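A, B, C and D label the chains in the order they appear, each numbered from 1.
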Amino acid sequence: MNYTTGKIKVRYNETDQMGIVHHSNYLKFFELARIEWLEKLNMPYEEIESNNIILPVVRCELKFIKPLIFGDIFFVKVLCSKKPTSTIEFTYEIYNDNNELTTEGKTSLAFLNSSTRKPSRCPKIISDLF
Amino acid sequence: MNYTTGKIKVRYNETDQMGIVHHSNYLKFFELARIEWLEKLNMPYEEIESNNIILPVVRCELKFIKPLIFGDIFFVKVLCSKKPTSTIEFTYEIYNDNNELTTEGKTSLAFLNSSTRKPSRCPKIISDLF
Amino acid sequence: MNYTTGKIKVRYNETDQMGIVHHSNYLKFFELARIEWLEKLNMPYEEIESNNIILPVVRCELKFIKPLIFGDIFFVKVLCSKKPTSTIEFTYEIYNDNNELTTEGKTSLAFLNSSTRKPSRCPKIISDLF
Amino acid sequence: MNYTTGKIKVRYNETDQMGIVHHSNYLKFFELARIEWLEKLNMPYEEIESNNIILPVVRCELKFIKPLIFGDIFFVKVLCSKKPTSTIEFTYEIYNDNNELTTEGKTSLAFLNSSTRKPSRCPKIISDLF
(Lines give C-alpha, C1' and ligand atoms only; values in the text may rest on other atoms or scores of the structure.)
Protein backbone atom coordinates (compact mmCIF):
# COMPACT_ATOMS: atom_id res chain seq x y z
CA MET A 1 0.00 0.00 0.00
CA ASN A 2 2.26 2.73 -1.22
CA TYR A 3 2.32 5.37 -3.88
CA THR A 4 4.89 7.69 -5.44
CA THR A 5 3.84 11.07 -6.84
CA GLY A 6 5.01 12.45 -10.13
CA LYS A 7 7.74 15.09 -10.16
CA ILE A 8 6.80 18.33 -8.43
CA LYS A 9 8.64 21.63 -8.75
CA VAL A 10 9.27 23.93 -5.81
CA ARG A 11 7.26 27.13 -6.25
CA TYR A 12 8.87 30.51 -5.63
CA ASN A 13 6.33 31.45 -2.97
CA GLU A 14 7.28 28.33 -1.01
CA THR A 15 10.72 29.76 -0.24
CA ASP A 16 11.54 31.96 2.72
CA GLN A 17 14.32 34.45 3.29
CA MET A 18 16.73 31.66 4.29
CA GLY A 19 16.51 30.70 0.62
CA ILE A 20 14.95 27.32 1.35
CA VAL A 21 11.43 25.93 1.27
CA HIS A 22 9.63 27.03 4.44
CA HIS A 23 9.15 23.98 6.62
CA SER A 24 5.36 24.43 6.84
CA ASN A 25 5.06 23.62 3.14
CA TYR A 26 6.14 20.01 3.55
CA LEU A 27 2.84 19.24 5.28
CA LYS A 28 1.17 20.46 2.07
CA PHE A 29 3.39 18.17 0.01
CA PHE A 30 2.47 15.22 2.22
CA GLU A 31 -1.23 16.08 1.89
CA LEU A 32 -0.96 16.32 -1.87
CA ALA A 33 0.65 12.86 -1.98
CA ARG A 34 -1.93 11.12 0.17
CA ILE A 35 -4.80 12.74 -1.75
CA GLU A 36 -3.34 11.66 -5.10
CA TRP A 37 -2.94 8.21 -3.72
CA LEU A 38 -6.55 7.96 -2.50
CA GLU A 39 -7.57 9.05 -5.96
CA LYS A 40 -5.51 6.31 -7.57
CA LEU A 41 -7.41 3.90 -5.29
CA ASN A 42 -10.67 5.25 -6.70
CA MET A 43 -11.37 6.98 -3.45
CA PRO A 44 -11.20 10.67 -4.30
CA TYR A 45 -11.09 12.87 -1.24
CA GLU A 46 -14.04 14.87 -2.59
CA GLU A 47 -16.09 11.69 -2.36
CA ILE A 48 -15.03 11.01 1.21
CA GLU A 49 -16.15 14.53 2.16
CA SER A 50 -19.38 14.20 0.22
CA ASN A 51 -20.11 11.12 2.34
CA ASN A 52 -20.12 13.35 5.39
CA ILE A 53 -16.71 12.31 6.54
CA ILE A 54 -13.81 14.64 7.14
CA LEU A 55 -10.29 13.53 7.72
CA PRO A 56 -8.35 16.09 9.74
CA VAL A 57 -4.71 15.54 10.68
CA VAL A 58 -4.41 14.75 14.38
CA ARG A 59 -0.69 14.13 14.67
CA CYS A 60 2.33 14.72 12.52
CA GLU A 61 6.08 14.46 12.61
CA LEU A 62 8.65 15.81 10.20
CA LYS A 63 12.37 15.31 9.90
CA PHE A 64 14.32 17.59 7.59
CA ILE A 65 17.47 16.00 6.24
CA LYS A 66 18.34 18.33 3.38
CA PRO A 67 16.49 21.48 2.40
CA LEU A 68 14.62 21.80 -0.86
CA ILE A 69 15.38 25.06 -2.63
CA PHE A 70 13.69 27.04 -5.37
CA GLY A 71 13.84 25.22 -8.67
CA ASP A 72 14.28 21.80 -7.08
CA ILE A 73 12.27 18.96 -8.50
CA PHE A 74 11.08 16.42 -5.96
CA PHE A 75 8.68 13.55 -5.50
CA VAL A 76 6.90 12.12 -2.48
CA LYS A 77 6.61 8.45 -1.52
CA VAL A 78 3.68 7.74 0.73
CA LEU A 79 3.07 4.49 2.56
CA CYS A 80 0.11 3.27 4.57
CA SER A 81 1.10 0.05 6.26
CA LYS A 82 -1.53 -0.43 8.94
CA LYS A 83 -5.20 -1.24 8.38
CA PRO A 84 -7.06 1.96 9.33
CA THR A 85 -9.42 2.01 12.32
CA SER A 86 -10.90 5.34 13.32
CA THR A 87 -7.55 6.81 12.29
CA ILE A 88 -5.32 6.24 9.30
CA GLU A 89 -1.54 6.53 9.38
CA PHE A 90 0.79 7.47 6.59
CA THR A 91 4.55 7.73 6.38
CA TYR A 92 6.28 9.87 3.78
CA GLU A 93 9.65 10.30 2.16
CA ILE A 94 10.57 13.16 -0.11
CA TYR A 95 13.40 12.75 -2.60
CA ASN A 96 15.03 15.39 -4.74
CA ASP A 97 15.94 14.91 -8.37
CA ASN A 98 19.27 13.34 -7.41
CA ASN A 99 17.34 10.69 -5.51
CA GLU A 100 18.58 12.07 -2.23
CA LEU A 101 16.20 11.64 0.69
CA THR A 102 15.41 15.19 1.85
CA THR A 103 12.50 14.78 4.24
CA GLU A 104 10.72 12.12 6.25
CA GLY A 105 7.36 12.36 7.92
CA LYS A 106 4.37 10.70 9.48
CA THR A 107 0.80 11.84 9.80
CA SER A 108 -2.16 10.37 11.58
CA LEU A 109 -5.62 11.45 10.43
CA ALA A 110 -8.96 10.82 12.11
CA PHE A 111 -12.20 9.86 10.38
CA LEU A 112 -14.83 12.24 11.74
CA ASN A 113 -18.48 12.76 10.96
CA SER A 114 -18.51 16.18 9.34
CA SER A 115 -21.67 17.34 11.14
CA THR A 116 -21.02 16.05 14.65
CA ARG A 117 -17.21 16.13 14.43
CA LYS A 118 -17.32 12.83 16.34
CA PRO A 119 -14.98 9.93 15.48
CA SER A 120 -16.30 7.57 12.88
CA ARG A 121 -15.01 4.23 11.62
CA CYS A 122 -12.92 4.07 8.49
CA PRO A 123 -15.32 3.69 5.53
CA LYS A 124 -15.52 0.02 4.51
CA ILE A 125 -14.47 0.86 0.97
CA ILE A 126 -11.13 2.06 2.35
CA SER A 127 -10.60 -0.63 5.00
CA ASP A 128 -11.40 -3.31 2.41
CA LEU A 129 -8.30 -2.27 0.53
CA PHE A 130 -6.16 -3.71 3.35
CA MET B 1 -16.57 54.59 6.66
CA ASN B 2 -12.97 53.70 7.34
CA TYR B 3 -10.96 51.72 9.81
CA THR B 4 -7.31 51.34 10.78
CA THR B 5 -5.99 48.07 12.15
CA GLY B 6 -3.69 47.78 15.09
CA LYS B 7 -0.01 47.14 14.49
CA ILE B 8 0.77 43.87 12.79
CA LYS B 9 4.18 42.23 12.60
CA VAL B 10 5.49 40.56 9.47
CA ARG B 11 5.78 36.81 10.09
CA TYR B 12 8.89 34.91 9.02
CA ASN B 13 6.92 32.55 6.79
CA GLU B 14 5.57 35.54 4.86
CA THR B 15 9.03 36.28 3.43
CA ASP B 16 10.41 34.77 0.26
CA GLN B 17 13.97 34.28 -0.93
CA MET B 18 14.15 37.87 -2.18
CA GLY B 19 14.08 38.74 1.53
CA ILE B 20 10.77 40.60 1.26
CA VAL B 21 7.16 39.76 2.03
CA HIS B 22 5.79 37.65 -0.83
CA HIS B 23 3.27 39.76 -2.73
CA SER B 24 0.44 37.23 -2.31
CA ASN B 25 0.40 37.92 1.43
CA TYR B 26 -0.87 41.47 1.02
CA LEU B 27 -4.26 40.13 -0.05
CA LYS B 28 -4.36 38.37 3.32
CA PHE B 29 -3.52 41.62 5.09
CA PHE B 30 -6.32 43.41 3.24
CA GLU B 31 -8.73 40.62 4.15
CA LEU B 32 -7.72 40.75 7.77
CA ALA B 33 -8.37 44.50 7.82
CA ARG B 34 -11.83 44.37 6.25
CA ILE B 35 -12.86 41.51 8.54
CA GLU B 36 -11.71 43.37 11.66
CA TRP B 37 -13.59 46.37 10.42
CA LEU B 38 -16.85 44.47 9.84
CA GLU B 39 -16.46 43.17 13.36
CA LYS B 40 -16.07 46.69 14.74
CA LEU B 41 -19.36 47.46 12.97
CA ASN B 42 -20.95 44.56 14.84
CA MET B 43 -21.10 42.59 11.66
CA PRO B 44 -18.73 39.70 12.26
CA TYR B 45 -17.94 37.78 9.12
CA GLU B 46 -18.93 34.53 10.86
CA GLU B 47 -22.43 35.96 11.16
CA ILE B 48 -22.57 36.92 7.49
CA GLU B 49 -21.66 33.35 6.55
CA SER B 50 -24.11 31.89 9.05
CA ASN B 51 -26.80 33.90 7.25
CA ASN B 52 -26.08 31.90 4.13
CA ILE B 53 -24.13 34.65 2.47
CA ILE B 54 -20.58 34.35 1.26
CA LEU B 55 -18.48 37.22 0.14
CA PRO B 56 -15.82 36.12 -2.33
CA VAL B 57 -13.36 38.59 -3.85
CA VAL B 58 -14.21 39.22 -7.50
CA ARG B 59 -11.61 41.82 -8.39
CA CYS B 60 -8.49 43.18 -6.84
CA GLU B 61 -5.64 45.50 -7.55
CA LEU B 62 -2.38 45.98 -5.72
CA LYS B 63 0.38 48.52 -6.03
CA PHE B 64 3.64 47.87 -4.22
CA ILE B 65 5.51 51.04 -3.36
CA LYS B 66 8.02 49.79 -0.83
CA PRO B 67 8.49 46.21 0.29
CA LEU B 68 7.75 45.06 3.80
CA ILE B 69 10.51 42.92 5.22
CA PHE B 70 10.76 40.47 8.09
CA GLY B 71 10.43 42.22 11.41
CA ASP B 72 8.55 45.20 9.96
CA ILE B 73 5.56 46.46 11.87
CA PHE B 74 2.72 47.73 9.73
CA PHE B 75 -0.92 48.71 9.85
CA VAL B 76 -3.69 48.70 7.27
CA LYS B 77 -6.17 51.50 6.57
CA VAL B 78 -9.33 50.29 4.92
CA LEU B 79 -11.99 52.51 3.41
CA CYS B 80 -15.41 51.71 2.01
CA SER B 81 -16.74 54.83 0.36
CA LYS B 82 -19.60 53.58 -1.79
CA LYS B 83 -22.89 52.20 -0.58
CA PRO B 84 -22.74 48.46 -1.35
CA THR B 85 -25.12 46.94 -3.89
CA SER B 86 -24.59 43.31 -4.82
CA THR B 87 -20.89 44.05 -4.45
CA ILE B 88 -18.89 45.95 -1.86
CA GLU B 89 -15.71 47.85 -2.61
CA PHE B 90 -12.82 48.55 -0.33
CA THR B 91 -9.62 50.49 -0.79
CA TYR B 92 -6.55 49.86 1.35
CA GLU B 93 -3.32 51.51 2.34
CA ILE B 94 -0.55 49.80 4.25
CA TYR B 95 1.92 51.88 6.23
CA ASN B 96 5.10 50.75 7.90
CA ASP B 97 6.20 51.85 11.34
CA ASN B 98 7.81 55.01 9.91
CA ASN B 99 4.41 55.96 8.51
CA GLU B 100 5.63 55.37 5.00
CA LEU B 101 2.97 54.20 2.57
CA THR B 102 4.15 50.78 1.37
CA THR B 103 1.16 49.34 -0.45
CA GLU B 104 -2.12 50.40 -1.99
CA GLY B 105 -4.98 48.22 -3.04
CA LYS B 106 -8.60 47.79 -3.96
CA THR B 107 -10.88 44.82 -3.72
CA SER B 108 -14.41 44.23 -4.89
CA LEU B 109 -16.39 41.45 -3.21
CA ALA B 110 -19.72 39.97 -4.26
CA PHE B 111 -22.56 39.00 -1.95
CA LEU B 112 -23.55 35.49 -2.95
CA ASN B 113 -26.05 33.05 -1.59
CA SER B 114 -23.86 30.30 -0.18
CA SER B 115 -26.06 27.45 -1.46
CA THR B 116 -26.87 28.69 -4.95
CA ARG B 117 -23.70 30.80 -5.43
CA LYS B 118 -26.02 33.34 -7.09
CA PRO B 119 -25.63 37.10 -6.47
CA SER B 120 -27.59 38.43 -3.56
CA ARG B 121 -28.24 41.98 -2.36
CA CYS B 122 -26.08 43.46 0.36
CA PRO B 123 -27.73 42.56 3.70
CA LYS B 124 -29.78 45.52 4.96
CA ILE B 125 -27.83 45.62 8.21
CA ILE B 126 -24.71 46.46 6.20
CA SER B 127 -26.27 48.83 3.66
CA ASP B 128 -27.97 50.70 6.51
CA LEU B 129 -24.55 51.71 7.75
CA PHE B 130 -24.13 53.95 4.70
CA MET C 1 5.47 35.76 -26.66
CA ASN C 2 3.14 33.54 -24.75
CA TYR C 3 3.20 30.28 -22.90
CA THR C 4 0.67 27.81 -21.52
CA THR C 5 1.48 25.72 -18.46
CA GLY C 6 0.72 22.05 -18.14
CA LYS C 7 -2.29 20.95 -16.12
CA ILE C 8 -2.14 21.86 -12.44
CA LYS C 9 -4.34 20.42 -9.72
CA VAL C 10 -5.81 22.53 -6.94
CA ARG C 11 -4.22 21.53 -3.62
CA TYR C 12 -6.37 20.99 -0.55
CA ASN C 13 -4.52 23.64 1.44
CA GLU C 14 -5.37 26.21 -1.23
CA THR C 15 -9.06 26.07 -0.30
CA ASP C 16 -10.69 28.19 2.37
CA GLN C 17 -13.85 27.69 4.37
CA MET C 18 -15.98 29.05 1.53
CA GLY C 19 -14.97 25.83 -0.24
CA ILE C 20 -13.12 27.65 -3.01
CA VAL C 21 -9.48 28.44 -3.72
CA HIS C 22 -8.46 31.42 -1.58
CA HIS C 23 -7.95 34.38 -3.89
CA SER C 24 -4.38 35.00 -2.72
CA ASN C 25 -3.30 31.72 -4.32
CA TYR C 26 -3.92 32.94 -7.85
CA LEU C 27 -0.91 35.23 -7.57
CA LYS C 28 1.12 32.10 -6.88
CA PHE C 29 -0.34 30.43 -9.97
CA PHE C 30 0.56 33.45 -12.09
CA GLU C 31 4.09 33.41 -10.67
CA LEU C 32 4.48 29.73 -11.38
CA ALA C 33 3.42 30.32 -14.98
CA ARG C 34 5.79 33.20 -15.69
CA ILE C 35 8.69 31.34 -14.07
CA GLU C 36 8.06 28.22 -16.15
CA TRP C 37 7.89 30.39 -19.18
CA LEU C 38 11.20 32.15 -18.48
CA GLU C 39 12.69 28.70 -18.07
CA LYS C 40 11.38 27.59 -21.45
CA LEU C 41 13.13 30.66 -22.85
CA ASN C 42 16.36 29.41 -21.31
CA MET C 43 16.21 32.15 -18.77
CA PRO C 44 15.68 30.34 -15.47
CA TYR C 45 14.73 32.67 -12.66
CA GLU C 46 17.55 31.24 -10.54
CA GLU C 47 19.96 32.60 -13.14
CA ILE C 48 18.36 36.04 -13.12
CA GLU C 49 18.80 36.16 -9.34
CA SER C 50 22.35 34.84 -9.54
CA ASN C 51 23.08 37.80 -11.84
CA ASN C 52 22.23 40.10 -8.98
CA ILE C 53 18.85 41.01 -10.32
CA ILE C 54 15.60 40.55 -8.49
CA LEU C 55 12.23 40.92 -10.06
CA PRO C 56 9.60 41.90 -7.48
CA VAL C 57 5.98 42.42 -8.43
CA VAL C 58 5.12 46.12 -8.36
CA ARG C 59 1.53 46.05 -9.55
CA CYS C 60 -1.09 43.43 -10.07
CA GLU C 61 -4.73 43.05 -10.96
CA LEU C 62 -6.98 40.05 -10.72
CA LYS C 63 -10.47 39.37 -11.94
CA PHE C 64 -12.27 36.28 -10.68
CA ILE C 65 -14.87 34.98 -13.09
CA LYS C 66 -15.53 31.52 -11.71
CA PRO C 67 -13.98 30.00 -8.62
CA LEU C 68 -11.62 27.06 -8.74
CA ILE C 69 -12.48 24.40 -6.20
CA PHE C 70 -10.64 21.49 -4.67
CA GLY C 71 -9.93 18.80 -7.21
CA ASP C 72 -10.16 21.17 -10.17
CA ILE C 73 -7.54 20.85 -12.86
CA PHE C 74 -6.48 24.11 -14.44
CA PHE C 75 -3.84 25.66 -16.64
CA VAL C 76 -2.44 29.17 -16.95
CA LYS C 77 -1.83 31.09 -20.17
CA VAL C 78 0.72 33.85 -19.76
CA LEU C 79 1.44 36.53 -22.33
CA CYS C 80 4.12 39.20 -22.47
CA SER C 81 3.29 41.53 -25.30
CA LYS C 82 5.45 44.59 -24.64
CA LYS C 83 9.23 44.76 -24.88
CA PRO C 84 10.40 45.08 -21.27
CA THR C 85 12.16 48.25 -20.07
CA SER C 86 12.94 48.53 -16.38
CA THR C 87 9.68 46.68 -15.85
CA ILE C 88 8.12 43.67 -17.51
CA GLU C 89 4.41 43.14 -17.90
CA PHE C 90 2.49 39.91 -18.08
CA THR C 91 -1.16 39.11 -18.59
CA TYR C 92 -2.68 35.82 -17.50
CA GLU C 93 -5.72 33.69 -18.09
CA ILE C 94 -6.60 30.63 -16.06
CA TYR C 95 -8.84 27.97 -17.56
CA ASN C 96 -10.41 25.00 -15.86
CA ASP C 97 -10.58 21.54 -17.34
CA ASN C 98 -13.77 22.41 -19.23
CA ASN C 99 -11.86 25.19 -20.94
CA GLU C 100 -13.86 27.80 -19.07
CA LEU C 101 -12.02 31.02 -18.33
CA THR C 102 -11.95 31.29 -14.54
CA THR C 103 -9.50 34.08 -13.82
CA GLU C 104 -7.77 36.97 -15.54
CA GLY C 105 -4.83 38.96 -14.32
CA LYS C 106 -1.95 41.30 -14.99
CA THR C 107 1.30 41.78 -13.18
CA SER C 108 4.06 44.30 -13.59
CA LEU C 109 7.48 43.38 -12.22
CA ALA C 110 10.51 45.64 -11.81
CA PHE C 111 14.11 44.70 -12.55
CA LEU C 112 16.08 45.72 -9.46
CA ASN C 113 19.71 45.35 -8.51
CA SER C 114 19.55 42.89 -5.63
CA SER C 115 22.15 44.73 -3.53
CA THR C 116 21.08 48.33 -4.01
CA ARG C 117 17.37 47.59 -4.68
CA LYS C 118 17.60 50.30 -7.36
CA PRO C 119 15.88 49.91 -10.74
CA SER C 120 17.98 48.26 -13.38
CA ARG C 121 17.42 47.76 -17.10
CA CYS C 122 15.97 44.54 -18.36
CA PRO C 123 18.89 42.16 -19.02
CA LYS C 124 19.78 42.19 -22.73
CA ILE C 125 19.28 38.44 -22.97
CA ILE C 126 15.62 38.97 -22.11
CA SER C 127 14.96 42.13 -24.14
CA ASP C 128 16.60 40.47 -27.16
CA LEU C 129 13.77 37.98 -27.17
CA PHE C 130 11.40 40.73 -28.27
CA MET D 1 12.79 29.83 29.96
CA ASN D 2 9.30 30.22 28.63
CA TYR D 3 7.17 32.85 26.99
CA THR D 4 3.50 33.35 26.21
CA THR D 5 2.43 35.35 23.15
CA GLY D 6 -0.30 37.94 23.17
CA LYS D 7 -3.69 37.02 21.77
CA ILE D 8 -3.70 36.14 18.09
CA LYS D 9 -6.74 35.92 15.86
CA VAL D 10 -7.22 33.19 13.27
CA ARG D 11 -7.10 34.74 9.78
CA TYR D 12 -9.66 33.78 7.16
CA ASN D 13 -7.01 32.56 4.74
CA GLU D 14 -5.77 30.12 7.37
CA THR D 15 -8.97 28.08 7.12
CA ASP D 16 -9.55 25.26 4.67
CA GLN D 17 -12.72 23.75 3.27
CA MET D 18 -13.17 21.58 6.35
CA GLY D 19 -13.87 24.89 8.10
CA ILE D 20 -10.87 24.61 10.39
CA VAL D 21 -7.38 26.07 10.42
CA HIS D 22 -5.24 24.09 7.98
CA HIS D 23 -2.74 22.07 9.98
CA SER D 24 0.27 23.54 8.19
CA ASN D 25 -0.43 26.93 9.76
CA TYR D 26 0.37 25.76 13.28
CA LEU D 27 4.05 25.58 12.36
CA LYS D 28 3.78 29.27 11.49
CA PHE D 29 2.19 30.00 14.87
CA PHE D 30 4.99 28.13 16.63
CA GLU D 31 7.57 30.08 14.63
CA LEU D 32 5.91 33.37 15.45
CA ALA D 33 6.01 32.49 19.16
CA ARG D 34 9.68 31.51 19.28
CA ILE D 35 10.68 34.60 17.29
CA GLU D 36 8.75 36.91 19.61
CA TRP D 37 10.38 35.19 22.51
CA LEU D 38 13.91 35.59 21.15
CA GLU D 39 13.06 39.24 20.67
CA LYS D 40 11.97 39.60 24.29
CA LEU D 41 15.37 38.15 25.21
CA ASN D 42 16.99 40.92 23.17
CA MET D 43 17.99 38.44 20.56
CA PRO D 44 15.98 39.44 17.51
CA TYR D 45 16.05 36.84 14.79
CA GLU D 46 17.14 39.48 12.29
CA GLU D 47 20.31 39.89 14.36
CA ILE D 48 20.97 36.16 14.42
CA GLU D 49 20.73 36.09 10.62
CA SER D 50 22.88 39.20 10.27
CA ASN D 51 25.55 37.33 12.25
CA ASN D 52 25.68 34.79 9.45
CA ILE D 53 23.70 32.21 11.31
CA ILE D 54 20.51 30.63 10.10
CA LEU D 55 18.28 28.50 12.22
CA PRO D 56 16.27 26.07 10.09
CA VAL D 57 13.82 23.64 11.62
CA VAL D 58 15.23 20.11 11.50
CA ARG D 59 12.50 18.20 13.28
CA CYS D 60 8.98 18.89 14.41
CA GLU D 61 6.01 17.18 15.94
CA LEU D 62 2.44 18.36 16.25
CA LYS D 63 -0.54 16.98 18.09
CA PHE D 64 -3.96 18.44 17.31
CA ILE D 65 -6.38 18.16 20.22
CA LYS D 66 -9.11 20.55 19.16
CA PRO D 67 -9.28 22.51 15.93
CA LEU D 68 -9.01 26.28 15.80
CA ILE D 69 -11.67 27.81 13.60
CA PHE D 70 -12.09 31.18 11.92
CA GLY D 71 -12.60 33.91 14.44
CA ASP D 72 -10.93 32.01 17.27
CA ILE D 73 -8.54 33.90 19.48
CA PHE D 74 -5.56 31.92 20.68
CA PHE D 75 -2.19 32.28 22.31
CA VAL D 76 0.98 30.22 22.18
CA LYS D 77 3.13 29.15 25.14
CA VAL D 78 6.67 28.33 24.14
CA LEU D 79 9.22 26.66 26.40
CA CYS D 80 12.92 26.01 25.91
CA SER D 81 14.06 23.78 28.72
CA LYS D 82 17.42 22.47 27.53
CA LYS D 83 20.61 24.47 27.10
CA PRO D 84 21.12 24.67 23.34
CA THR D 85 24.13 23.01 21.70
CA SER D 86 24.28 23.02 17.91
CA THR D 87 20.51 22.65 18.05
CA ILE D 88 17.83 24.34 20.12
CA GLU D 89 14.59 22.67 21.17
CA PHE D 90 11.25 24.26 21.86
CA THR D 91 7.95 22.86 23.03
CA TYR D 92 4.67 24.64 22.39
CA GLU D 93 1.13 24.70 23.62
CA ILE D 94 -1.68 26.60 21.94
CA TYR D 95 -4.74 27.59 23.96
CA ASN D 96 -7.99 29.04 22.70
CA ASP D 97 -9.82 31.87 24.39
CA ASN D 98 -11.56 29.45 26.75
CA ASN D 99 -8.14 28.34 27.96
CA GLU D 100 -8.61 24.96 26.31
CA LEU D 101 -5.44 23.33 25.10
CA THR D 102 -5.87 22.93 21.34
CA THR D 103 -2.43 21.98 20.06
CA GLU D 104 0.90 20.71 21.31
CA GLY D 105 4.18 20.67 19.48
CA LYS D 106 7.94 20.41 19.51
CA THR D 107 10.51 21.77 17.14
CA SER D 108 14.23 21.29 16.94
CA LEU D 109 16.24 23.91 15.05
CA ALA D 110 19.89 23.75 13.98
CA PHE D 111 22.37 26.61 14.14
CA LEU D 112 24.01 26.71 10.72
CA ASN D 113 26.55 29.02 9.16
CA SER D 114 24.53 30.79 6.47
CA SER D 115 27.31 30.62 3.85
CA THR D 116 28.58 27.10 4.35
CA ARG D 117 25.28 25.64 5.67
CA LYS D 118 27.48 23.70 8.14
CA PRO D 119 26.45 23.24 11.78
CA SER D 120 27.66 25.93 14.10
CA ARG D 121 27.58 26.22 17.89
CA CYS D 122 24.78 28.12 19.55
CA PRO D 123 25.88 31.77 19.81
CA LYS D 124 27.26 32.47 23.32
CA ILE D 125 24.76 35.28 23.82
CA ILE D 126 21.96 32.71 23.60
CA SER D 127 23.60 29.85 25.53
CA ASP D 128 24.48 32.31 28.30
CA LEU D 129 20.78 32.74 28.94
CA PHE D 130 20.62 29.18 30.26
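By our rule, contacts are C-beta pairs under 8 Å (C-beta built on N, C-alpha and C of every residue); 3 or more make two chains touch, one makes a residue touch a chain.
Here the structure is a predicted model, which means the values were calculated and not measured.
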Pair joined by more contacting C-beta pairs (A-C or A-D): A-D
Farthest-lying chain, centroid of Cα atoms versus that of subunit A: B
CA centroid of subunit A to CA centroid of subunit C, Å: 27
Rounded Å distance, subunit A centre to subunit B centre (Cα mean): 32
Chain centre separation (subunit A, subunit D; CA means) in Å: 23
Residue numbers of subunit A (touch at least two other chains): 12-13, 17-18, 24, 27-28, 70
Complex contacts: residues of subunit C adjacent to subunit D: 12-13, 15-19, 22, 24, 70
Residue numbers on subunit B that touch subunit C, as the complex places them: 17-18, 20, 23-25, 27-28, 31, 49, 54, 56-64, 67, 114
Complex contact set, residues of subunit B against subunit D: 11-13, 27-28, 31-32, 35, 44-46, 70-71
